[in-house]
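Note that chain A is present in both complexes that follow, paired respectively with chain B and with chain C.
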Partner chain A sequence: MTPARRTSALKGGALLVVVVLALLVPVFAADPATTNIAVFTTMYVGLATAWNIMGGYTGYISLGHAAFFGFGSYALGLLLAHLGIAAGYTPFLFVPVAGILTVVIALAIGWIALRTRAATFVIVTISCMFILQLLAENLVGLTGGGSGLSFPVPTWSGDFFNTPYYYAMLVLALVGLAVSAGIRRSKFGLGLLAIRDDEDKALAVGVPARGFKLTAFVISAALVGMIGAVYGYYVTYIYPQFVIDPLVGLSMVLMVFLGGLGTLWGPVVGALILEPAQLWLSYNFGASRLYLVFYAAVFLVVILLLPRGIVPSVTDLVVRWRHGSAAGPAGGSSETREALAAPGVRSP
Partner chain B sequence: MTLVPQAIILGILTGGVYALMASGLTLIFGVMRIINVGHGALVILGAYLSFALLRSLHIDPFLSLVVTMPAMFVLGVVMQVVFVRPLKGDREALSVLVTYALALGIEGLLGFFFTNNYQQLNAWYETASIPLFNFRIAYVYVFGFALCLAILGGIFWMLYRTTFGRAIRATMLNRTAAQLVGVDVDRVSALAFGVGVATAAAGGVVFGITNVFNPGSHYDLISRLLTIIVLGGLGSLRGAIVGAMVMLISTDVTAVVISPVWASFVFFVILIGVLVVRPQGLYGITVRDRA
Partner chain C sequence: MSLLEVDNLSKKFGGVTALDGCTLSVEPGNITALIGPNGSGKTTVFNLITGFASRDSGDVRFQARSIAGLSPDRIYGLGIARTFQLARIFPRLTALENMLVPVRRAGLRGLFSRGQWHEEKSRAMEMLTFMDISHVAASLGGSLSYGQRKLLELAAVMMARPQLVLLDEPAGGVNPALLERIGEHIRELNQQGVAFLLVEHNMPFVMGLCHDVVVLHRGTVIARGTPSAVRENPVVLDAYLGA
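Let's turn to the complex of A and B:
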């Protein structure tokens, strides 16, 4: 086998092991406290991956994705209420419908927000999130306003209760990863990366930037909306400030930055590290709000010391190490090693 | 129909404090091309500093600015040097994240020291009022408006009548060119950040007297301030003032004409309408690409 084929086989094997391990989580750790953490962690793996499709590939930072999370949640809740669907497995079948409804709202928001660039885009996404929050609060006849919206509660036993939600979150996370990987390898994905590097030049060479950006935005939002739908069914009761929470939107961004903006696995790594940490902190220090200080500290350290994230930094290390060993201890002075590693150490 | 003119006057008076807070934000953006998402949290911090002085030493909130404004100025300079200056690469996006993190940190610390209960700054003029035509205006709004006008006037004086102001305007226009003609842009940036944060202290006092606040209030505040400066055009001081007036007047008029629950909604609709027609905002220059 050539080294390249060996690497891809290795990667495939590793991926298979990870998926099998993920599938077996509820078997190994059956107690509800652990599966609860698993549900939320998988949820954030999906959210960060979805956000990365827009934020990472096109470089358009949206701090308002919590809007789609909350919208999907409300969409499913209202569907279930109006169609009179009982608790059980059937509500999961309506999650894609919530996703389609999210597509509609994302098209509208994206159309407006993507008229702007860079900093203004960030702000417009935040504004749109607050508009949706206000609407959820004020359209009392539709959403129940501040008194919230209840989902039907399944009668599963305590030990089993979290498991279906875990698998639903896992399926969505895997779908997100597959979409993300597919986009990265496609011409569409190449166009998105070109937009990130220089939008005007991308336009000049014929990338239909507006359509591409909007497509990426809508795909990203639809995934977030479906995850929000499962979340709503899981927590069984939602209200505007709780489900359209700026912190949810911020968390997914932080995870992507920690793991590596624009990489396939960065969001996964970021979510796997941060979400359990956040759950532990809010469980132990939640009452005092000190966990916010910790969160802020992690955020600052990541951006100031590791602005490219874990995955690119580690990849560089591996590349450097490989080139070092390929050159051999005798042939490679530290300078040549650095020269060889140089193509890998591009600044973002 | 005396309600509408009353709402307009109240909108102008409360618009003053938003104009002041938004000016600090847009000044920081203009000089550094960064968005200080922590500005709302800094306003709330300013309100809490005055609250602490009021509670422990019984210092009048307006008077306490003599202490809190210089303190917040120093804090702003330190923040710029420690957290904003080292940013490399896509500074505009990274700065949003860093300042958001600072906002969370401030919120966490305020929650720890002052709890999450709602507070308000109290003073004798809070309940006293003066008659104006056929309704009454509380002194506190008048005082707050006067303070905001004074500080805004000070900012304009600094920008257009001093050498430092000239350096700031040069940096706003073109950072590289300013550097070439001998402006120490790093120093100007740090000081401008300090000035912006110091105005947040003053904004915090006026906000804290006219509103109840808790450590989480900054989310609502920053979303309003950001939409104001986007409406006015990022980096335009004039835009910030006009944007603030449009927001507060439209909100107050909607509250009396339609219903208070739709008050902030109308402003967002105005914002979206403006962005559809003029993505760069009312007074903005065409948004530059990330360079």
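Let's turn to the complex of A and C:
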């Protein structure tokens, strides 16, 4: 077996183990407290992965993705209410519909926001999020306004209650990862990375930057919208400030930065560290929002010590350790190798 | 029929007239130089041809079809490639990936087809070998020397088999040995049928390489002809030496 094959076999095996372990979580730890942590952690794995498709690959930092999270949530809630769908498993079937509706709103927001670049884009995405929040609050006839929107509540038993939501979140996270990996290995993904590096130069070599960015934005938003839909059904009651929450948008960004911006696994690592930590802080120090201080501290540490995030830094350490310190950076960064793993670019 | 026709092109930036009725053409299979003193509008001509700036009046035609107002990516797709004044490559992509970015025809098949991806990859390696930089294929663009970046940029724009390549100062900032290599590469590509329009200040390089020279001064073409004819032209000497 060649080293390259052995590495990919190892990676495939590791991936399989992780997926099987993830599938077994509700079997090993059936108590609601643990499955609740599992639901939220998986949710953020999905959110961070989805956000990274836009923010990580194209370098366009959206701080307004909470808009799509809330929109998807409202979309499912209203669908269930208007179609008179009862609690149970059926609502999960409407999650993709919420995703499609999110595509529509993301096309509109993306079409406007992507006329700008850099800092202006960040501001426009935040503004769009607050506009959506205001709309949710003021279109009382549609959304129920400030008094919120209730979802049908399933009659599942206490120990089992969280399990279906956990698997729904897991499926969405895995779909997100598969989409992210597929993009990373395609010419489309390479175009996104080129836009991140130098958008005008990308245009000059034929990359239709606007179409590419909008596509990435919409894919990213649709995944976030579907996750928001499952979230709404899980918490059973939503209102505008709660579900179109800037902190949700900031959390996914922070997780990606911590794990490694623009890498496939960085968002997963970031979410697996930050979300359980945040929940632990909430349990132990009450609802005191102490976790916000914690988030700020993490952000400072990332900026100061790990500006590239955990995954690239650790991968470089491993490479250096394998090749001896003399090799230095000649092995290229993890980004290089991850990119070289793309089909056809693999070395023989 | 000319390959590229720039027809009476004008462009103002605020109160500054960058181009004032500029007319020039590039013949198929030719290497044409666009020379002129600093600020004469050379880069503006490039930006207007390749869609990076919009014209005030006039027209640009490629293969008898107007391309004025098209976006840069569309223009590249039609077969006009360009390089930038200071070699611009993607620093966080490897040299090989830099080669694979160019998109001649967008569309789902082109973007996700594995067969085409393999084909492009082998062509990319061929081009890197042709430019003598295949040994840095796996290195990040940002870690390459300036000379390697220049060669990589030229190699990458050739990926979509353009008919016309616009080079903005190919000789700028490169040592004499590399300059000779760049000249050879341009000549070889030209023999394969690629036409070039280049902006350049290095006169010996221009005179040795180009079939045609167009002289721009204050946004207007003041002379054009063979290198030797232009060199002798008193109007040109006047513009350069500043009468």
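The rule we apply is simple: the second predicted complex is superposed on the first by the 320 of 348 C-alpha atoms of A that agree within 3 Å, B and C clash if a C-alpha of one lies under 4 Å from a C-alpha of the other, contacts with A are read in each partner's own complex, and residues count from 1 in each chain.
Following the convention adopted for this analysis, a residue touches a chain if its C-beta (ideal position, glycine included) is under 8 Å from a C-beta of that chain, and two chains touch if they have at least 3 such contacts.
This is a predicted model, so every value here is computed, not measured.
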### Query
Taking the superposition as given, does A:Leu250 touch the first partner, chain B, the second, chain C, both, or neither?
first
### Message
So in the superposed three-chain picture, is A:Pro208 touching just chain B, just chain C, both, or none of them (first/second/both/neither)?
### Response
second
### Message
I want to verify the contact counts: of chain B and chain C, which reaches more residues of chain A?
### Response
B
### Task
Could you look at A:Val318 and tell me whether it touches chain B, chain C, both or neither (first, second, both, neither)?
neither
### Task
Figure out whether A:Ile123 sits in contact with chain B (first) or chain C (second), or with both, or with neither.
first
### Message
Looking at A:Asp200 after the superposition, I want to know if it touches chain B, chain C, both of them or none. Which is it: first, second, both, neither?
### Response
both
### Message
In the overlaid three-chain picture, which partner chain does A:Leu24 touch, first (chain B) or second (chain C), both, or neither?
### Response
neither
### Query
Is A:Val104 contacted by the first partner chain B, the second partner chain C, both or neither?
neither
#### Entry: Intersection of the chain A residues that touch chain B with those that touch chain C
198, 200, 347
### Summary
In the complex, chain A touches chain C at residues 186-188, 190-191, 193-194, 196-198, 200-209, 211, 329, 332-333, 335-336, 339-340, 343-345, 347
### Query
Mind pulling up the chain A residues that touch chain B in the complex?
59, 61, 63, 112, 115-120, 122-124, 126-127, 130-131, 134-135, 137-138, 198-200, 246, 250, 253-254, 257, 288-297, 299-300, 303-304, 307, 347-348
### Task
Would you tell me which residues of chain C are touching chain A in their complex?
50-52, 71-73, 76-77, 81-82, 84, 88-94, 96-97, 100-104, 106, 110-112, 114, 117-118, 120-121, 138-141, 143, 156-157, 159-160
### Message
So in the complex, the part of chain B that touches chain A is made up of which residues?
### Response
29, 33-35, 83, 86-90, 92-94, 96-98, 100-105, 107-109, 111-112, 116, 215, 219-220, 223, 226-227, 229-230, 234, 261-262, 264-265, 268, 271-272, 275-276, 279-281, 287-290
